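Down below are the structures I want you to see.
What follows is a pair of complexes built around chain A, which joins chain B in one and chain C in the other.
Now for the complex of A and B:
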């Protein structure tokens, strides 16, 4: 037992200040759990927003300031607003709920929940086993660099090495947003 | 050790997203689950970037930025589809959207 504790303590834990990122990480996981489990859709969307804010703070804590702020702008500012709008534009009508053929089959619903939970647990177990027990997990990781990604370097990189993907993303975003506007448009009766 | 803890956090976040996408019947919840999974992927990019041998090359950061842009496009199209499905079926339950024919 004493030996085990000694081995645990001799792992490369680093400084206590290296672990400050756990605060936003735990907040993020709690909010994500809320977003998945809560019944009310609005509560789910608000929990998702909190989770994204914590994820942005986590990015900033890990040294990727630009990605953190982009995360805050795009996800918190735009995507959750879109989700809230979609929730408000699609009110659950009572008629549709009572016509739902799956409402009467609680067996089907239970099966769905149990099966989905089992698949998620299996994936989680596989991922954790791969992270902690695979042969690669024992290879020495390069020490955490005091790495920062300055916005200037990112901008230069975007306009030199990744210019083609940048233009492709621009075309894709334009096409996707025009397509979304067309899809959501009210159809005129012929 | 820190890299593995970060990857474990990202794995848990991914499985929350998977759980939402698999078990909830509202279409918007499926989309929320997909967004959570994309966030977990971004966290992996940033974690591997921080512990890479050459972080000055910014590979993981560039990947994360492009992934965020693609996620925004995906969210816009997905929500438009949900609104259209609701207009047709008067419901956002994905169990009811079982026909390809309009």
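Now for the complex of A and C:
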């Protein structure tokens, strides 16, 4: 019995931390599948939230604390609420799902599937290309402990090297905010 | 007195040593040779377990005490006695055992799920509510060297976890399939999103001056006294707490109001406004699930009060040099109790906001004021922290306060031509 335990323990398991990433990764994949396949739109949104949370945990497990917490703060705190509000405020969302006239045509169904698949492949290809062609991809992968970027370094980088994209994003968001306020404003009868 | 100061850490070390000794003894006895990662991993697990058990125990006891003291304090402020019956066999003990009776009542109540409810989401909502609330207290420094989990981005962690509460409230309201629940949840979400901005901004102010996001670093930045005098003069000393600077005072008040709103307490209890919405998102919950919501709310309140103490009230530091013999964790919990008491006081004093007033207050007054506090803090930081810096930063927060007060709270908004027919 002792021998058996000893042999089991001496298998090349690696560190236990090498295996921990499987929990959030599997959770994320399952939740993402649920977000695509479930019938009820609110359930889909909640599944999407779960996958956001799992992604945040994955970031934290990889040593990117700051990115992980921002992921939780922005996506779980803000984006999900936005999605849920949008679903609730769209009156015909459930009707559209059941009475969609295009649902009956198999041609448009396949077209939808092909189009959606093409868009997904394009996005995936773009992201992969961005990763492979970036100069950082050829650098040696640092050990997990060294990859912990302190919040200070991220902040300094944001306000020096990447200031222009940051300001561009800020202008874009301001424009979106003003547009939303204009749309939401009631038009007073003259 | 050093003994009391070190007591919690010494107890933790004792338990860890005992576990290590027992494990080594077992291995030696049975002859199993553990791989070399096993012992550190086991000790890490045990120390995590100690932290979890301690936090849950401490916060549950605080929740129980708070639930009875809040009722008693409210009662005294309203000229009543409050709960004073439940005791231990023959001894009444001023009704101190009320939470035990409440707990038994909650546990034995029937758990009702409406037929039209979304069963899974209805079941998951209390869990989604209580899990982040119980994770929140781990980053707070309870005493010198007593941070359960030392995170360099602790403040960010706190707000990231707090973001989960909104989702839980929405889940509870939507899954109940009841219009009061949905209206309450919508109000709660709108309120939390609106007040999260000034809350986070006033924490950013402190992070800016302290130069760190770690709660322990922020407490350390507030150590020391303004006048470095000794002897009898030290009685008149002023601690370097952030609440005692102009920008810090403003940010502290904003944070306090934001904390009231985030924990859905009066005067921000419109999501549960019992006279209009039954109980908001809690309407369709009963028994233990209701108790869990209640508990999450109180633990979240304690956690955010603890963050307030950490950010502005000097954390575990003592206010005067000759009081430093009191253990640091006593100071932390003492300050926490004071803030919690003030929240009860506010609840007993102020009436509920109207929803438009609540929204206006957040977006038109608190958010600009938090920006003003940010600018004032930056000025204070770069103007040398002296008396001149004090004056300038006072000006920077004072002028917007007066201007905003004039602009936001005119007669037009208070609707004084409204007549309350049945109260005259």
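The rule is short, and it goes like this: the second predicted complex is superposed on the first by the 111 of 190 C-alpha atoms of A that agree within 3 Å, B and C clash if a C-alpha of one lies under 4 Å from a C-alpha of the other, contacts with A are read in each partner's own complex, and residues count from 1 in each chain.
One rule holds for everything that comes next: a residue touches a chain if its C-beta (ideal position, glycine included) is under 8 Å from a C-beta of that chain, and two chains touch if they have at least 3 such contacts.
Small disclaimer: the values here were computed from a predicted structure and weren't measured.
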Does chain B (first) or chain C (second) touch A:120, or do both, or does neither? first
Just checking: does A:163 make contact with chain B only, chain C only, both, or neither of them? Give me first, second, both or neither. neither
Touch test for A:131: chain B only (first), chain C only (second), both, or neither? first
According to the stated criteria, A:72 is in contact with first (chain B), second (chain C), both, or neither; which is it? second
With both complexes overlaid on chain A, does A:63 touch chain B (first), chain C (second), both or neither? first
Pick one for A:23: touches chain B only (first), chain C only (second), both, or neither. neither
Once the shared chain is lined up, is A:112 touching chain B (first), chain C (second), both, or neither of them? first
After the superposition on A, what does A:81 contact: first (chain B), second (chain C), both or neither? second
Given the touch rule stated above, what does A:46 touch, chain B (first), chain C (second), both, or neither? second
Which partner, chain B or chain C, touches the larger number of chain A residues? B
Please identify the positions on chain A that touch both chain B and chain C, taking each partner from its own complex. 66, 70, 78, 85
Residue numbers of chain C touching chain A in their complex, please. 30-35, 37-38, 41, 118, 121, 151-153, 156-157, 159-164, 166-167, 170-171, 174, 189, 193, 196, 213
Show which residues of chain A lie in contact with chain C when the two form their complex. 2, 5-6, 9-10, 15-16, 40, 42-43, 46, 49, 56, 65-66, 69-70, 72-73, 76-78, 80-81, 84-85, 88, 150-151
Contact set on chain A toward chain B in their complex: 11-14, 18-19, 21-22, 25, 28-29, 32-33, 35-36, 41, 44-45, 48, 51-52, 55, 58-59, 62-64, 66-67, 70-71, 74-75, 78-79, 82-83, 85-87, 89-90, 92-93, 95-97, 99-102, 112-113, 115-117, 119-121, 123-124, 127-128, 131-132, 137, 141-145, 147, 149, 153-154, 157-158, 161-162, 165, 169, 172-173, 176-177, 179-181, 183-184, 186
Residue set of chain B touching chain A in the complex reads 1-9, 11-20, 22-26, 28-29, 31-33, 35-36, 39, 42-43, 46-47, 49-53, 55-56, 58, 61-62, 64-66, 68-77, 79-84, 86-87, 89-93, 95-96
